[in-house]
Amino acid sequence: MSRLTDPRGHWDRLTRAERGVAGFVVALLALLFYGFVTGGFGPAYVLYLVGLVGMYVLLSFGLNVQWGYTGLINFSVAAFFGLGAYGTALLTADSSPIAGGFNPLVGLVVGLALAAVVAYVVGVPTLRLRADYLAIASLGLAEVIRALVLNERRWTNGSAGLRGIPGFFEGWPLLDRFPELMPGLRVVVVPGSPIVLQEPFWQAVLNVTLVFVFVAASYLVLRRVHRSPWGRVLRTIRADEDLAEALGKDTYAFKMQAFVLGSVIMALAGVFYAHLNLFVSPGDFEPINTFYVWIAVILGGSGSNRGAMFGGFVIIAIREGTRFLGALLPDALRFTLPGALSVLPDGLLAALAGALSLVESTYATVVGNFASTRLLAVGLLIILVMRYRPEGVLPPQRELIWTGVADDTTRADPDSGVREARGGGSDE
Amino acid sequence: MSVLEYVANGVIYSSIIVLASIGLSLVYSIAGFANFAHGDTMTVGAYAALVTFGLVGGLGSEILGLPLGFFAALVVGIAVAAVVAVVTHRLVYEPLDAGSIGLLITSIGVAFVYRSLIRLGFGADFTEFGIQVLRPIDWLLPYGVRVTLHDVAIVLTAGVLVAALHVLLQSTDLGRKMRATADNPDLARVSGIRTRRIKLWMWVIGAGLAGAGGVFLGLYNQISPRMGFDILLVVFAAVILGGIGSVYGAMLGAFLIGLVVRMTPLLSDVGIPIGIDYAKAIAFVIMVAVLLVRPNGIAGGTES
Amino acid sequence: MTSDESNTPTRRELLAATGGAGVLLTAGCVSTTDEEATTTTESDGGGGGGETTTTAEPTTTESEEVGPYRIGMVNSLTGSLSAFGERNKRGTELALEAVNEVGIRGRDLEIIVEDSQSQSQTGVSAAQKLVNQDGVPFVVGAVGSGVSLAIYESVVQNTDVVQLSQNSTSPALSDFPGLLRMSPTGRTQSSALASIIQEDGYDSVAITWINNDYGQGIMEAFTEAWGGEIAYNNSHDQGQSSYSSVVSKMANSDADAWLFITYQPEFSTMAQEAYSNGYEAQFYGADSVKGPKVIENTPAGSLDGMKLVAPSAALDQDNYKQFASAFEERYDTSPTAWSAYAYDCVVTAALSIATADEFTGAALQETVREVTRPEGQEVFTFAEAMEVLGEDGSASDVDYQGVSGPIDLDENGDPVGYLQVFEVQDHAYASTGFISG
């Protein structure tokens, strides 16, 4: 309530990073609103992107439980995402070789249960390993899962994937036909640019509502968990596992619980994805998806759920925003040396011309091969974040034991401790 | 189809993996983290060799079916990979004040950077060295073994490089210092060893070997920007199986994993219904199984 | 009250919001679009009957009388199918030039291309942008069959947008009449291959296929069409460093006919490994196995006698010859069928726009199939078609014969399959016949 009753004081208590992010969010919302109102942004498309952000937020929440709270390096995110998606798809899709036609709620339960079981199975051999072995073993086992889904065509349809997945609200009394029943609306705020809200828009509204419910539910669960004694044990394990053992805690059991919880949340994202995309395929298990979620968590702030939200947003901005960059940037740069320079000696002129044409061709290569440029940007982003802000943009604020991303360096973070000193607020 | 043939294929494949896995193990033992950019270092070596071979050409005579120009390209590939690794170390890893996990994550970023730069420079399509593909060696055919001279060259060169490394580690001053630094960096520094310089040498050797592995991988199959990353997981499996931090463990692990991956067809030959699509999956499962029993790998146990 | 993002509404805020909405409505800014909804004759594959589909209106300003006609394309510019994306890009560029040289009623054709990264997730978001943000009424897409289906079912199906896939071959697309495609269903090739192999006298075949929806689709259709024995049938993953296990197993299987359903890089490796292992067999290949890179990267003589089927127009047909020479001049390599499909997609879209009443999805739905069907005069290039159409020709006045074949989209949205049979002679491809189905 402090935000509403005492906004000024609240603002003062925010760290610099938090202010930056808050300002950024406000600016973005303003931009979105402006775009909506003038008709520049397709409303259905914007809501679709919001849905994707929600999905990545869920994935980041799941990884946060494992890495942020407990310090487990889990490179099998994509596998559990895929298991959630396939779990529900195998039960609800028309083309499912096993079942098909069940209510998506059943699919949801099965997807989550499948992820929990597999998480347990994967956890048994790997959670006792040291951190870097866990990383590689989890990546390897994720690949094993992908190989199984890809090759066992009898069970999964193999590389053809599963199509014909119904929307999540199929079979619900009113929501089933909600997009069709809602009238198409035409809002004219700025004359000449109408905002048309039709079936795709209402479908997107449904999807966003669904992911919002999932995110809110996970957020509440995680907040509860984080403050509980259970959460404290997890953080102790992250900071110093030997200490936790010395305190008499069965660290393996706690790690397993965190691993399963995180994996179930990732599977929840997968279930949402299946009913959004209406198609799943073994490509959804590719390791690059794991790395995207890792970037989201590290950039956003390991251990903090707000950071996870911010990270999810950044990932979608990178993946989808670069579509628009292609339209904004000119195809090629053209340089012409001004005539006045011809007084310079020939050799220098030639060198200058050569340098400029190098710039031109580099620009053309970079803009023409945007996927490679995006990969380059992502790589540089990781390096820069790890170098200059390894704790992420929005790290957790109140930790009894403070750790950075690097496990064996403790650093005094000037941004933390502010809240502790005031004794109020929370770290979520 | 003879078991001997599968073993022969396995040995050839292992030769390529061993070059990469030794480098990975070296990096771990001295720099202290698992380097996810190692696969893409192989790619760097392969492309450097490709460019060189294109410039230099055949250079006349052939050894084991490979023109001398190829060996020149091999040397350049090793050198370029080493230089790139050293530069990365100085620019990225050294200034970073992070533990092994932070470095691991950073190395993922480095891997992306390598791969994207190669893709921007060379395009995403695959290419070849353009060396004539050979027929199998005749006198081995009756034994059911089908290998070409190129395969022999790969195995021999890998063998030479590994032997040279062994000599380096055991009999030279540098090797002694490297082993000391790997065992206990603080003690090494105290006893006068300049660990910073040793680390540089370690990067040179480790990345150089990876570059050589990449060149041979390109010869064995094709050169593409993804080639290193595709094989990276197998290399990791080999290193972990052998015990991260132990160079000899890495050799053993590479040999085992290479054999396992190439002998998978044997399973369906004897009636076990696991297809060759699962070759790599089997390698991973074996790796995890070994880790269950020996959590530090077969020859590991030097790190705490 | 602990999250920056969650706005717990106070009573005050709720009142304000309701009030605002009410004001907007009463101010007459909001009207329903029901009066503008048009029912179309499109039959969607999914949904219940009796739906009224609404027009997808562009979100940009309404004055679009001048300026180019903008359509969309979802292409695999990156990812596992990027080689096909590259070929599509080239075919598209040539087609755009040909179309814009003549123009459509004085306006140019412009294509907004979005990358699907060869994945359904990204492909769907590409289509979302094209349909819901850019508001295009016509989408050419996608390359992968799974991506095409995902786009159709989640984005296009309940709208009027025309979707025409350049390269998808999975038989599953035939179940969706609303989803058109330019490349014939894989079933055509598979049946053709089955009959060729049988005619050659083999009764046992070893098959290896690339493990994605393309390979799986063709393999499944082949096994249905094949009457003889299948000695070996296994998939292989894309982009592996070696396929020696696959090749050894095929040799082990004692079948003398080997069928490869895969892409050029993988097949090059397999051919090299077969050669360096000294294996001999009669090779057969599906369409993607054929290409200049295979010839470049395999030793001379290693492939002689291999037979392949690939879709293409008659090689001696004029429009194909023009297309091929323009292609070779620009890109220094001979075109594959995939470029030809992309070329035909663009020309078909242009003709559809030229003969439609208005530039909306509903109107384009009515013309897109007609311009390719046998009613009307046969035309072989866009320029020719525009001449025949004149000022206000209609779709049934022309029958576009593409560079990839006669097209003739049927009621399932599939083109007529027109295949050439090739044989490798002296390490080069020679055409030995046609099959159409």
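Odds and ends about this structure:
We call the chains A, B and C, going by the order they appear; numbering starts again at 1 in every chain.
In the analysis below, a residue touches a chain if its C-beta (ideal position, glycine included) is under 8 Å from a C-beta of that chain, and two chains touch if they have at least 3 such contacts.
Being a predicted model, the structure only gives us computed values, none of them experimental.
Taking the mean of each chain's C-alpha atoms, the chain whose centre lies closest to the overall C-alpha mean is A. Using mean Cα coordinates as chain centres, the one most removed from subunit C is B.
For the pair subunit B and subunit C, the distance between C-alpha centroids works out to 40 Å. Chain geometry summary: the mean Cα position of subunit A and that of subunit B are 33 Å apart.
Across the assembly, subunit C contributes 78, 211, 235, 237 as residues in contact with two or more other chains. Multi-chain contact residues of subunit A (touching two or more other chains) are listed as 150-151, 371-372. Contact with two or more other chains is made by residues 124, 275, 277 of subunit B.
Note for the complex: subunit B touches subunit C at residues 1, 5, 9, 13, 124-126, 128, 132-136, 141, 146, 148, 150, 217, 220-222, 224, 226-227, 230-231, 262, 264-265, 268-269, 275-277, 279. Subunit A meets subunit C in the complex at residues 1-4, 18, 21-22, 25, 39-45, 48-49, 52, 95, 150-151, 153, 158-161, 163-164, 179-180, 183-189, 192-196, 198-200, 216, 219, 223, 273, 276-281, 283-284, 286, 306, 309, 319-320, 323, 327, 370-372, 425-426, 428. The part of subunit C that touches subunit A in the complex is made up of residues 1-6, 10, 24, 29-34, 36-37, 51, 54, 56-57, 59-62, 77-79, 112, 114-115, 117-122, 124-126, 128-129, 131-135, 145-146, 149-150, 153-155, 158-159, 170, 172, 211-213, 215-217, 235, 237.
Contacts from subunit B toward subunit A in the complex involve residues 33-34, 92, 95-102, 104-106, 108-113, 115-117, 119-121, 123-124, 233, 236-237, 240, 244, 275, 277-278, 280-281, 284-285, 287-289, 291-292, 295. Those residues of subunit C that touch subunit B in the shared complex are 78, 82-83, 86, 211, 234-237, 239-242, 244-246, 248-249, 251-252, 265, 268-269, 272, 275-278, 293, 296-299, 302.
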